[in-house]
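Presented sequentially are two complexes of chain A, the first with chain B as partner and the second with chain C.
Right after this comes the complex of A and B.
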């Protein structure tokens, strides 16, 4: 029994958390402040609940079919054509998400760290590393995530704690912001919610979970945890810089790490450590996106060979990530696609959930 | 079998090729081959100097005032690392820094001209102090800040200082305390923060306050003494992105008192009506404030607590020797300090420079008023001159030293 379903609930949560924490942490405060000014922390908290909707439907529909992945049972629920069409969208979305994350990683590295290294090389190294890791099965995939998560969490928390003393409470007030408009507030919530699409990885994990019944609760808890994590980042950077300054900064969180220090001048330049940690978190995020893309394609053309597809996709992702022509295009593309992704990854599980409800009148018959 | 060996060998070749990628040689540059800029000073160049190196543009295409940048570049191997390094460094007259002066239309233009003159690539990663002349600060600092903000090598913990008169002379000083002049200025500033003489207004802090609509930026204002020593002359305050005035050191003390910046460092020489001239040392400052709207205008109430000790009393005919006399002294001191605070506020109001960040308090606590009236930073800087401020100062003299009467 245990050999067939080796993933514990804790590991399940760890994968989701380490997937969600990724490239976004650098720019997230700026996006929030651009839309909501001082209401950014409130916005990011509300966004967690917006993201919970999609996550809840995905998890609860997967819980009903604890022995199959979503790709498989969707064929039964919606019919082959519809299911394959959705799989194509999922595949394209995560393919694009991988390349977009990769490009954002490259952009940060080239502006901040390596000025003369060609961006292609930076991205290619990471891509090959991820490509090699994707060749492994889901259990190893899970272990890699679980291994790296503490490094990410602990070091980011240390940097945040060092910055805590520099927070000026006035910068966080008023809570609703000075220029509150419902439309930009809801846009911000929406945008922030699109950050949490990594939760979709649970569709691959549930079939291997030791206790698949806990999937919904665990997925929600993991999402909530990462949401709080992001919110704290927003609060700390807003408290430290104030909204006007954040709007000027491309990477507010990096700037936060650059200003953090132990004592006065004793240990400065923590941005180096921060970037190292951030690279790890980017790796885990890209890892998940790549894995989902490979898996979706596998299901689509019904091939069992994960390794083949992983290598096959590598050049496509590489070329796709090189397509944006400049810095602003990179982020514009990322924004648009992530919002499309949010809509699709909320609506599609909801559709499956409804169909399942209609077909099985409660769906208990499938649970073992 | 053959296949397996072939696979192993090809894997080995690929791996050894890839290991080259891991070392990151692309950006490798030995520290000796870098021109590390330690300090920069920026002045306005005298008009019609005709010094245009034309490294970034074609002649007569740029219509901007010129600036003069003086840079201190660390000479590799000569910067002493420890206190004993002076003798072994190979002779005393070897200067650890090299001072280069260039002209340019913008900071980046000037630094490009600098690059044209020195062989090693310039690096700003170890830049610690930037000194700008008052003349330049009184024009516009935004253009300067743009380059510094964009450049990832520039840290937020750099000191940006405004100098009285020429800024370039600070680059040529030969202080006896430290062998590297920039490090002397740096140590000077850091220590004055520790002793409460100067707020920790780093470049990052200045940027943050300048960005806020409800606060105006301020920078330390320094001057040069007779013996090439750096004096903190007060605070240079800004309005609309340009410097509009400077305070005296004691007004800087008042500023730190109003903002409640610890530790207290300034002493007040006060001619009290009953006890004669006394010197009161401020040990701790604490400030609490409230913003409200009164008669359609913002009104700020400050509650300021100062913990002080008596350092010196001249004319000891009526000594401060009892709790009663202390409270009497405190009372007159309260009035005096309050008057000083009002004076500091009035001065900044006349200059439309809200260095105390009162606008931020209004923005935070009276958002509806803010939204209706303030649509730009300049709106607040204009309104700042009309707001009313109330002080409730409580000076407590805790200690009198070792003398009883």
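Right after this comes the complex of A and C.
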């Protein structure tokens, strides 16, 4: 391939989907049920639309500047200082997101797979793997996502299909939940929407897309697809366990896998296999976050050497991921930061979009 | 002849299709074989010339200097290395006509400077050779298998290419056996190898660019491609890499491979080497380039992708359904040989709950007396197996086969009886080894064999998680890899629908209308007719006719 816009629309969508499906799979049903009880499926559907707002603004503002990344054209739109300040926030957010994902992954590993192995070593292995992969360019980054996506989807779909027969429809009712309050409902929607910040990766992909015009449509479709995917997980686990039991389970999706079995024959328990395949989806998610953090820092200090920055950030992410004291703190911090991230990643593109609109109206031309 | 750098530069500038530069074009070649800083003219005195040549070449037992009187009129001498030359031909075609005193002496030119032309036109009957006045090129043409004729009083020397081509006869390839396919393999001789391809590819567009490579060995290296099918950018890239080789010797095609590959630190081969002329021809027709080296029975196919390494010629000669199934089985064997021992270790030491209970009990019963942990047990057995395998390659053929069977049976049985290994481990190790033999490409099988060991260690330390991490490392590496600018995992990622027809499955030949798209061939269609109609005609109409 000798053209310099090698990323197809399909690959673009694959990156977004495999980024979004990540660590969250395991705990997502519990969060939703904790906030909304039986209204969890409804919340997660609404959350898709909440997330679509930010996604739409990001994609449409990127589409207007199909030859540059957001980091570059934001400098022109907002001025150097403002843009750099936002880049710092983006960098810090994705740095934190990387380490938080890493820690959540480690927590799952020590509770499910290795009860006595130190969490540090488990995390370090994955971190080094990601750190080495981040050194490559965006096209290779895309290839990785595209290659792994089928494995992620197929494994989850198999688990879901095996669980379908155990769903009890009564568990899903009433759809609005038993004690519906607007505040907890909207909180749940917010929380669920924050799962989708991975779509922000599109700012790096659009400049390499073969048809950047399709960016908005493709990003929305990808987000919608993964949203539906999450919703189905919520529906299946709610239908199978019911709201009261889910609240007791730390990782409801894992319990789905645990109760699923392949007949009575060869594979009696699928949870270990499920966790192993889940490592792939964690890898792709952390990979994207790490990549964004590295790229943001690269743009911030304006050096080209991605390898250097990748290696430089690795110890920081590692230490950052070890900071929370325990399991509960990990999730509390993750919740707060992801909601902050959601707000920022919706408001900032919106701001850019508005500025672009005003500047355009004012007659200042920019390259289309 | 030029060197690779000049060839690359001329190719780069060339806009129009080149004229055929086949190997036979040496006869027209007039330049320097080996560019030397200064030219030294051939002396008029025969004695001086011979002295200079002998000074340069030193004391050699196989250098022959034969003085004679040409046409009974002129003093002359021929110089050659007799092991390289066919002496029969010298007697018949050089000495006999030159020493013959012609019946009509008037035809012999009286002007000394006319002599070289006269000799070429009238006397010697040799196709390849040249006239040169540069003394410095002569030692090189001597070692290349030329006979040099000096004439007293003539400031030029004549070289005749009478190189003796001694080579073994063409046999079936040793490493790539097929059931249904040609039985011919390349041999060491470059000309014979090119002829093997040329007679399969009777198109005037077939190009062979040859040049010596290696300052000492001066091995002839031939770059072959089909003009109009191979992408010129690819040929340019290959030439550029060849021209960048500065070494003193190219002993085998493997040397070239290591100089031109994209990522030398990768365990995976990025250049395919094959002994089969039919495979090379097929590669040429897909738009790839091949490199042949004089003295090596292997041709190098570039670019080479992961996809190619579990394909054989059998897949294409056999009917497509069966061909596809066999290819799938080979892929299974490939995955098997890489993962099986690692999965075994991780399941028995970390996740025995994945196994059915009865089997898990039987398994642990077998392992009862084994003193080593599973990791070490498998590792030790695998290392034994590798040692055995390496030993059988080196053993003389007569006892090699016997030892491998004895080795596997006796050592395996003894290890179980002595309580060093469990029976299941022996089975796993044996299956893995057999699986790795199913991979047709030796170098890929080698890479996978070696990658198995880190996976086993990871499995022993971190169970399935470790295997997964190891797998991710390997797959990421494969995805990052490129061969001559083509992503290594094409057509899987980046996904190409048309190329998927020749991937894990092999689509019917009449369906594969396009050459591989990632090679960007200027002439990408290989089937002329519209397929569905022709096929339905073939199936329904023609068959129907027979019974009407």
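Operating definition for what follows: the second predicted complex is superposed on the first by the 355 of 368 C-alpha atoms of A that agree within 3 Å, B and C clash if a C-alpha of one lies under 4 Å from a C-alpha of the other, contacts with A are read in each partner's own complex, and residues count from 1 in each chain.
Definition applied: contacts are C-beta pairs under 8 Å (C-beta built on N, C-alpha and C of every residue); 3 or more make two chains touch, one makes a residue touch a chain.
Note that the structure is a prediction, hence the values are computed from the model and not measured.
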**Item:** First (chain B), second (chain C), both or neither touched by A:125
**Value:** both
**Asked** Which holds for A:146: it touches chain B only (first), chain C only (second), both, or neither?
**Response** second
**Request:** Mind working out whether A:273 is in touch with chain B, chain C, both or neither, as first, second, both or neither?
**Result:** second
**Request:** Please indicate which partner A:92 is in contact with in the superposed arrangement: first for chain B, second for chain C, both, or neither.
**Result:** neither
**Prompt:** Looking at the overlay, what does A:340 touch: chain B (first), chain C (second), both, or neither?
**Reply:** neither
**Which of chain B and chain C A:241 touches, first, second, both or neither** = first
**Message:** So in the superposed three-chain picture, is A:283 touching just chain B, just chain C, both, or none of them (first/second/both/neither)?
**Reply:** second
**Prompt:** After lining up the shared chain so the two structures overlap, which partner does A:114 touch, if you call chain B first and chain C second: first, second, both or neither?
**Reply:** both
**Complete:** The shared contact residues of chain A with chain B and chain C are 113-114, 117, 125, 265, 268-269
**Residues of chain A defined as touching chain B within the complex** = 111-118, 121, 125, 128, 170-171, 173-174, 176-179, 240-242, 244-245, 247-249, 255, 258-259, 261, 264-265, 268-269
**Item:** Residues of chain A that touch chain C when the two form their complex
**Value:** 1-2, 6, 8, 10-11, 109, 113-114, 117, 122, 125-126, 129, 132-133, 136, 140, 143-144, 146-148, 265-269, 272-273, 275-277, 279-280, 283
**Message:** Which stretch or stretches of chain B touch chain A in the complex?
**Reply:** 18, 21-22, 24, 26-27, 149, 152, 155-157, 190, 193-194, 204, 207-208, 211-213, 357, 360-361, 363-365, 367, 370-371
**Message:** Give the list of chain C residues in touch with chain A in this complex.
**Reply:** 233, 350-351, 353-357, 462-469, 472-473, 475-476, 479-480, 487, 489, 492-495, 518, 520
